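Two complexes follow with chain A in common, the first pairing it with chain B and the second with chain C.
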Partner chain A sequence: MAFKRPDGRKITEMRPAEAKVGVVPNADGSAMFKSGKTIAIAAVYGPKKMHPQHQQNPRTGQLRCEYNMISFSVDDRIRPGRNRRAMEISEVTKWALEPVVDLKDYPNQVVDVHINIIQADAGTRCAGINAAAMALAHAGIPMKNMVSSISIGKLDKTLVVDLTKEEEDFEEGEGPTDIPVSITSDGKITHMQLDGMIEVKQLQESIDMAKEACKEVYKIQKDALKKFIEDKSEGLN
Partner chain B sequence: MERKIVIPGEMIIEGEDYLPGENTEKRDGKVYSSRYGLAEEQSNLVKVIPLSGVYHPRRGNAVIGKVENVLANGWIIDIGAADSAFLSLMEVPRYVNKDAMEEVLTIDDMVTAKIWSINKRGIDLSLKGRGFGKIEEGLIFNVNSNKVPRIIGKEGSMIKIIKENTGCDITVGQNGTVLVEGNKIEDELFAKKAIMYIAERSFISGLTDLVTKWFTEQGNKK
Partner chain C sequence: MDKIRTTPSTTADRIKQYMKKEGKRFDGRGLEEFRELTIEKDVSIKAEGSVRVNLGKTEVIVGVKMALSEPYADSPNKGNLMVTAELLPLSSPRYESGPPRIDAIEWARVTDRGIRESGFVDFDKLCVVPGKKVWTVFVDIYSINDDGNLMDAATIGAIAAMKIAKIPKYDEENDKVLYDQPTKNGLPLTSHVPVAISVHKIGKSLIVDPTREEEDVSETRLTIGSSKGTISSLQKSNSRAFEIDEIKNAFEIAAKASEVVDKMIEKALK
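Moving on, here comes the complex of A and B:
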């Protein structure tokens, strides 16, 4: 039986994605990642001295992430500012990126990552992580690898890639399950969450799907980063 | 090998003969980049030249900074790096009256100095050497520190062109702070315009010819 998705995509098909580097002129590094209707902007500042001083770590530099949804990003205006959800996603984003950034040479220092979601249609934490990874690279932070992120969903019994808000609200059968996964370009998982219920066998299947989809995301990130320099070296002549 | 753009975690070159240089890492006989920039290989040494990001202080760098604070035995200087730098009394090659240190350098003074050591405790500056000291006058502005090598050019070729065409004296700190000293403010602003023109085009090869052309164009307009 062929499963029909509301927007007519194949089950392994991502939403059309787009990426751009250098979108915030005042930041040390910045990037935009757009997946369908979801748009995330990430800005990186630093390495700079850690404040407050009592959080300084003389062994290594630290990463600090801040995720924020702008009040007009969803249909019903949301109250601006930090809330429980934003604080959790900020922390999760940090954990997703920490394994790849290498801040050993920056003791007592901090790298600040600010992620703003200007338009939301599900998968905002994934778009945020994708944008943040590109922004960190743009800021010249030493990294072992890039991180690409995608959400896998289970609608009733079918696994699909890259959920939209419409699909997240799916109510039939077993209901929706959302699994955001972040994977480095050499196939290591840095972050995985699960919201809903899934069998162990299907979970393994969904990880394999995420690995395939993340290859596509990685390609988009890589092309955007390379295009940024290429445009500057040719376009201005 | 031709220069190519690399992103973090990208394999640059494969082979046991290659050595990992700056901003690279070797894993299983392959050299990977750990930063975003241009990769190049010279006599088997592979390195990545970063094109963006904040200033990383190095020993021996000549920098331009601002006095942040006056202490009992020296000055704290902001050079645009994560750590602020310390200029010790001992490293000032003139007599300093300890009771009137403000007479030599006071808060908000600009100073050119050399980084003579970097250690766990911080960055130490020195004024010993030619051309270092308090800045008395001129125009100061900032560019990205990664663009400094292009502004100076090969063996100072670019800076020489700007000096000849504007009649200004130019000092470029490795931290991206530029000092322009000219006779007229118009000359200084013209030199700034030229430097900004170079900074915007820092990725282009053959920039020297482009700048020479730009100066002829600007000369015709006058």
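Moving on, here comes the complex of A and C:
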């Protein structure tokens, strides 16, 4: 029996996604990534001198990430300011991106990545990572690869790609399991989390699903970056 | 890639000279002229009303959220308003993460005062059960790109978001607000639209709607909240002084500019 998703998507089908580069003119690099009703924007500033000074590393530059949800991005207003969830996601985001960023030529410097979620319908950390990776590329930060992120879900016994909030709140059978995964464009996993319950075999399957979905995300990211370059060179003619 | 964080004094001198001699600004605008204003509606469907405001390259997003709570003891039959504003580190290399600094606090408080004191909101009509349940209206403002005059852009955004906001349905039986079911009712607003105009002093000139560069060069600022000629809030900023004649002149400049901005908002919301 085929599993029916509330919005009628196939189990391996992502939500309609959109990406755009250059959304914050002040920033050295910036991007927007939209997946269904989830919208993330990211801005990159740097490389610049690391402050506070005691955090400087003379061997390499460093990446710093900040994830923040706008107060009106969800139904129940979030009080502005830092909270523990945002701080953890900030760190996880840094771990997801750090392996592809090469800052060894920027000793004592820092690259700041600021991610803001404007509208949330699940998968905000994935959208944030996708926007951040594009913003880093747009800023011209040396990168070995792109990072693409997607959340795989298990609803009762079925694996599906890219959960919505409605699906995250699914309560039948074994309930929902949420597995956000970030994969580099050469197929390495730099971020993986899980909330829920799942067997080894199915978890292995979920990684294969994430790999396929991340290829689609990568294409959307790459196309948006290319489009930005094309639009820019057109403006010069 | 380190950005210059302030405008160099040579540029400041050039700006002053040009204003004095030509009566114009580097971008060709007259001294009392605003940049182009665009307002995009519904930037977050999760808000009761939300907008993106672009004033030239300056961009803010503003959202209205509502929640039911107990009234304050001294106003048992009135709803509440809370305006917050955050200078996002995303919006400029000048802003850093961490607790809000004084510039962010001033920004939020001046905006809040402008809206509150104008009588724009009819707080009596935000009462649901007298003495027990009233609406609190949260107006949250975020900077997305700072190219000067975030102060006036914030109020423009707040006015627009409040004008398009729809009160969510209240399920009395289960005492729950159904955020995904907006009613047809907008916020109880009056005709006292609280437009804020900041007048900046640069050399001998008074200007409105400064770019970031002009704001850096500005010696002092007066933010005037008014509605159709009636002034309801003021903030003179920083430790440099205005001459008496200058400040009298600033009131008139603001009165003219607020009429223009009021119309610009109307037009942008159509």
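To be clear about the criterion, the second predicted complex is superposed on the first by the 234 of 237 C-alpha atoms of A that agree within 3 Å, B and C clash if a C-alpha of one lies under 4 Å from a C-alpha of the other, contacts with A are read in each partner's own complex, and residues count from 1 in each chain.
In the analysis below, a residue touches a chain if its C-beta (ideal position, glycine included) is under 8 Å from a C-beta of that chain, and two chains touch if they have at least 3 such contacts.
Quick caveat: nothing in here was measured; it's all calculated off a predicted structure.
Once the two complexes are overlaid on the shared chain, A:I229 sits against chain B while remaining clear of chain C.
By the document's definition of touching, neither partner reaches A:I89: not chain B, not chain C.
Contact with neither chain B nor chain C is seen for A:L155 once the two complexes are overlaid on the shared chain. Contacts of A:N26 after superposition: chain C is touched, whereas chain B is not reached.
In the superposition on chain A, contact is made by A:R77 with chain C only, not with chain B.
When the two structures are aligned on the shared chain, A:K49 is found in touch with chain B and with chain C. When both complexes are overlaid on chain A, the residue A:H114 reaches chain C alone and has no touch with chain B. Within chain A, the residues touched by chain B in the first complex and by chain C in the second are 28, 46-49, 139. The touching residues of chain C, when paired with chain A in their complex, are 1-3, 43-47, 50, 57, 59, 61, 63-65, 67, 84, 86, 88-93, 97, 138, 140, 142, 144-147, 179-180.
Residues of chain B that touch chain A in their complex: 5, 7-10, 23, 25, 32, 34-38, 50-54, 82-83, 120, 146, 200-205, 210. Residue ranges of chain A in contact with chain C, taken from their complex: 23-28, 30, 37, 39, 41-43, 45-49, 66, 68, 70-77, 80, 112, 114-116, 118-120, 139.
On chain A, the positions that touch chain B within their shared complex are 28-29, 46-49, 100, 102, 106-109, 137-146, 184-186, 221-222, 225-226, 229-230, 232-233, 236-237.
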